[in-house]
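Several structures are given next for inspection.
Next come two complexes, and both contain chain A; in the first it sits with chain B, in the second with chain C.
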Partner chain A sequence: MAEIKAVEVSQKKKSRLNNTATLFIILVAMFGIFSYVGRPFFFSRLNIIPMLNNLSFIGIIAAVLTMVMVSGEIDFSVGGNVGLTACLVALLLDKGLPGWLVVIIALAGGLVMGAFNGMLVTVIGVNSIMATIGTMFIWRGIGYTLSNGESMLAINPVIDFIGRGFIFKVIPFPIVLLVLIFVLTYVIMSHSKWGRRVYAIGANPLASYLSGINVKKVKFIGFLLCGMTAALGGLILTSLSAVGMPQHGQGLELVIVSSIILGGTALGGGKGQILGTLAGVLILSILYNFLTIMNVYYFYIQIVQGSVLILVVSTYEIRQAMARRRT
Partner chain B sequence: MEKVMKRYSTFLNFLKTPTPTLIGIYIVMLILFSLASKNFLVIQNIKGIFNNFAVYGILSAGVTIVMIGGGFDLSVGSTAGLAGIVSAVLLMKDIAVPTPVVVLIAIVIGCTVGLINGLIITKIGINPIITTLGTLAIVRGVCYFWADLNPRILNVFIQSIGRIYIGNVFPITTVYIIVAFVILTLVLKFTRFGRDLFTIGGNENLARLAGIPVDRVKIISYVISGFFCSMAGLLLISQLGSGRPEYGNGAELEVLTIIVLGGVVVGGGKGNFLGVFIALIIIQTISNGMVLISVPVFIRMVVKGALLVLVIAIDALRNRKNLQLY
Partner chain C sequence: MASSIYYKGGDILSDNNGVVLRMENITKTFPGVVALDNVSIDLNKGEVLGILGENGAGKSTLIKILAGNYIKDSGNIFVDGHKFEIKGPAEAVASGIRVIYQELNTINNLTVAENIFIGEQIVKGPFKVVDWKTMTKRSFELLDILNVKLDPNAILGDLTVSEKQIVEIAKAISKEAKILVMDEPTAALSEEETQSLFKIIRTLKSKGVSVIYISHRLKEIFEITDRVTVLRDGKKVGSIKTVDTDENKLVEMMVGRDIKDMYPKREVKIGDVVMEVKNLKADGFNDISFKLRKGEILGIFGLLGSGRTSLVKALFGANRIKAGEISVNSKKVNLKSPGIAKDEKIGLVPLDRKTEGLALMMGVKENITLANIGDLGKSFLISKVQERKKAGKWVEEIGIRTPGVDQEVNSLSGGNQQKVVLAKWLESGSQIIILNEPTRGIDVGAKIEIYKLMQDLCERGSSIIMISSELLEIMSIADRIIVMSKGRFTDEYARKEASEEKLLHSACL
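Moving on to the complex of A and B:
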């Protein structure tokens, strides 16, 4: 019995490794084809660096949202959070606060937003999809209220550095942040007790509760971290564009959730890999960047985004059903 | 005696539904708003309130059906926008498609989107929220194909469907909503489809084991929602007098708030149209009242989001069967 189980586990591990590996192969192939079709613009310093900068905040949010989704919940309010943070940052800079203080306040604001989501879901027991769709509108509405619907300049040495600074004069700072967050979440999810708990909760919350895991606490902290990283994403986006406007991050949830699901995370929780999410983010961001470079209208890209979401989830569900039939 | 007891128990059951609370909230709101603004309790304003909820009312008719069956439809705003702009383009002078054909095309568009939603959700088995979030983006993108046109509505029939007042007071759109709600209530109560829908919303596996064609019933519910989207689209272009690709943006939030406030349980199995109708009036009155006491537009957005969160939080607390441990 134990042997059979061991074989099963090893097979599972093998297939999952293959999934992530497949994604990276697809990524490399896509990159090659796009570089050829989109020459000379696609594979040039002028495109690659901004593209990486642009996907950095998407990736940062996606990495932490993967943790939330593995625990079986979801956070749609990240886009609204980005918009609110952008407006908050611009407003505070306009008031003349020093840059480092603004960064701290923005991150604290993200924590508060995450805590609010977490409370709704864990304490009151609202379905996380519904709760965060509601808070998405609240955050964006507050953003509009703060900025009065206008875009405000946000220029300050500290803020500028977050999105446009270089370390050793070559490596863009957002990329450093991206790598840092991915390494951190990878270590947490794959090599720590906390990560094991997150997977256990996603797979079976009742069993986890009965075996002594504080399910609500783990979920709450997931939302907390997600709120804070979304605020960090908002800081990067504000810095990249040098303005804070309430429309920042509109529709971001669509891109992020599709990337995460493309990376192999299950909607119901219990499954998912940080590396898969990284591959998903890279693939989709490169695809959208390529479409933009090829001069495709924004509304066509919107159609592609929606179709990608449905397609990705469909393939996942169909493969799941086929696997079930096989056993 | 037995009859009296029975009537008494139905009355008690009615008290247990959220409807009485809603009526109470509404009365309090009426008093507050009429104290705050002298323009509130005026025939002109009440007329406006009733005529303004036409689109949301028609949309919520379909979404209520979907949600009773345990589904979810976020794509209604986009679908209404698509049906609206396509009909508006077809009605432009130089194309001159006959009106009945335009209406038919609008209905086909709505039903097709509904059918696609239903097929993806039931046959592939994707979470309805994710599916309709995807179709929301796709359909809205398709609307922008006609972004460079600015069709004005000159067709008399389309102009009149959303703007006539019976006896100069009662808006005809409210009649549509009442008719739709009454018919759907009867369908839910007295047809096999309606009973099946409640069973599926209550417990899908049980329904499947009991031999109910779950997939078919669910697909039909999404098609019904699509049908009401196309009606709402026609009302939109009628009331606004033109066709624009962004019409109906964000309607899903409004409709969701109305329906959940009206006592339809997220997850399905419970809900009635009387509650939805009262919720419709309440939400529209709040929007109207906020305009009258001049709340800034962006704060209104926050209030609406907060209202949705509040309503679903109350819904969650009310339907929590026992203490949640995890």
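Moving on to the complex of A and C:
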């Protein structure tokens, strides 16, 4: 009996490894096919660098949102946060504030937005789907108000560097940020005490609470970090486009959540891997980039984006049901 | 008659007036546990069959298979002699099987009549308008069959638990009911209410309804059943006519050994007061005071809804205290959260280990260290070496049977899961351990291990508060028993003076 169980475990481990590995194999295959079909432009510096830049802020936000989702909550307001941050940055630069101060204010703004979400969810007890759909509109609405609905130039040496600077003259700065945040979140989730608490809360919030874990605090900090990272994403996007406008980050939450679920994070929390999220982000970003450069009309891409989300969640549910049937 | 075909080779104790239900060689396994192993039962027309067994014997699983909530792995079910595949609850209902669960399925903001006819309201006219008049009239008739006076237009929320149960019974017989299953129907009832329930059961019996009555209260088994089938650890021990047996015989069948071996009680030296509770009040109970001494096992007994679970939650910081005070080691403490209780060296093994005690999808080691993640290494990182060492130590010391510390706890048996929860508090160094129904849903062997473990802890200077609804268990293991009823303290007994009658009487005061 014991032996049988041991075998089951090793099989389970293997299949989990395979999940992330499979995603990376799909990724490589996609990349190969797209490079061939979309030759010569797809695999050229002119396409790859902007694609990576674009993917950088999506990935950064996705990594931290993965932590929130593993804890069993969700944050749909990240796109609105990006829009509001973009407008705030442009407005403050316009007022003549120095670049470094604008960066600090923008990140602090992100913290405030995160704290607001966290408070709604942990103090008042609002369902995080509802709370953050609400704040998604609020953030973007404030963005529209600040900017009067117009695009504002956002040019400043510090801001320019965030999105368009290079380290050692070759590595784009957003990519450095992306790698940094992924390494950090990976270490936190897979090796730190904090990460263990996040997984435990997602796996069983009541048992975690009854084991003395401060569930609300852990969740609150998750939202806080998510708000700040979304603001960082807003800074990158503003810098990349050199303008701040309230439409920045529109629909971003859809892409990010799709990537995370594709990466294997459980909708109810408790399960999820940072590396899986990375694979999910790369796959979807490359797919949308490919569709764009193949001149697929933007309206169609929206249909694809929605379908991908549904497809990913359906696959997840079907696999859950199959796993349940097995036991 | 058709049923006689299947009567051949059946249970020799069955009476010859027709087998209504026959469950044959039923087997059901869950991950890590065989819940039912080749169990067969017969039920005759107009018979009350008691199914007796300790927690975890397989009673509920058997009933859930009959009700269509679980699908059996193998075996056959015959209703009225016809082989019958139950694929879901609808099929079970269609063949006249009605189950009344311990947790009642009534809806509080609807009336009695609405509850009785829920899902199949009587309608009239081409637009299928609800026919209130007929529904009320039919409700009257049904309640009349049961010989009870209840207003069909009363709102259910205003009724007592036993009245709600009567509504469930009325609902069950509103369509043709051949077999009525009652799962621990008296768990929340007073002595008097139990008697009126028995009256109803006798009425139904006289009308030819067969009843399966599940309980672990022996007194009731003798009072109401015609025959008893005893289960133990998922196996059928035997069936016996109630008149042909006595309490001792049944207990022996239930536990499979002498009572002394089942409840190994050691005398532990009892020391100073470690916890004092004074006039404590919170949601669910009022004005509770007691003292807990070093090395002592304090039992808390009460019926469902007596406030026992609310009390232990308050003692663990999970139920906000409204008045009164708690002292630990003569120092007043303010238990605002489980985290604070944990720091005061209090641990809670909760009522439902799957939803409250364990992160089922995580491993044994993650669960054992769940309350002490902060102690896994000096930095902010988890020392996986330390984690394995700590978990491994407890697996070894209290004998958790698992292929390894990485094993998902979901696949462990109930007894081993319970040990994992206990290990969590041992790792935490808890001196006061509160166990809410510690042996719920675990097999007899594991129960004895848990009892031994509890006493080992006491010998090492810990103190234990144990809630249990199993009379034998609490009377044998606890040094002292406090009885609660309706959120109040009613009586206190030393182990030697407690008896089933006294405890039940105090629990209904």
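The rule we apply is simple: the second predicted complex is superposed on the first by the 316 of 327 C-alpha atoms of A that agree within 3 Å, B and C clash if a C-alpha of one lies under 4 Å from a C-alpha of the other, contacts with A are read in each partner's own complex, and residues count from 1 in each chain.
FYI, a residue touches a chain if its C-beta (ideal position, glycine included) is under 8 Å from a C-beta of that chain, and two chains touch if they have at least 3 such contacts.
These figures come from a predicted structure and were not determined experimentally.
Residue contacts after overlaying the shared chain place A:193 against chain C, while chain B stays out of touching range. When both complexes are overlaid on chain A, the residue A:124 reaches chain B alone and has no touch with chain C.
Of the two partner chains placed around the shared chain by superposition, chain C is the only one that A:203 touches, whereas chain B remains out of contact. Judged by the touch definition given at the top, the superposed model places A:134 against chain B, while chain C stays out of reach. In the superposition on chain A, A:271 makes contact with chain C only, not with chain B. Of the two partner chains, neither chain B nor chain C is touched by A:319. Counting the residues of chain A that each partner touches, chain B and chain C differ, and the larger count belongs to B.
Once the two complexes are overlaid on the shared chain, A:211 sits against chain C while remaining clear of chain B. Residue overlap on chain A between its contacts with chain B in one complex and with chain C in the other: 206, 208-209.
Contact residues of chain C toward chain A in the complex are 30-32, 316, 318, 337-339, 341-343, 348, 350, 355-362, 366, 370-371, 373-374, 376-377, 380-382, 401, 403-404, 406-408, 411, 424, 428. For chain A in complex with chain B, the residues that touch the partner chain are 120, 124-127, 129-131, 133-138, 140-142, 144-145, 148-149, 201, 205-206, 208-209, 215-216, 251, 254, 257, 267, 297, 299-303, 305-307, 309-310, 313-314, 317-318, 321.
Interface of chain B with chain A (complex): residues 120, 124-127, 129-131, 133-145, 147, 253, 256, 266-267, 296, 298-299, 301-306, 308-309, 312-313, 315-317, 320, 324-326. Touching chain C in their complex are the following residues of chain A: 2-3, 5-6, 8-9, 12, 187, 191-194, 196-197, 199-200, 203-204, 206-214, 270-271, 327.
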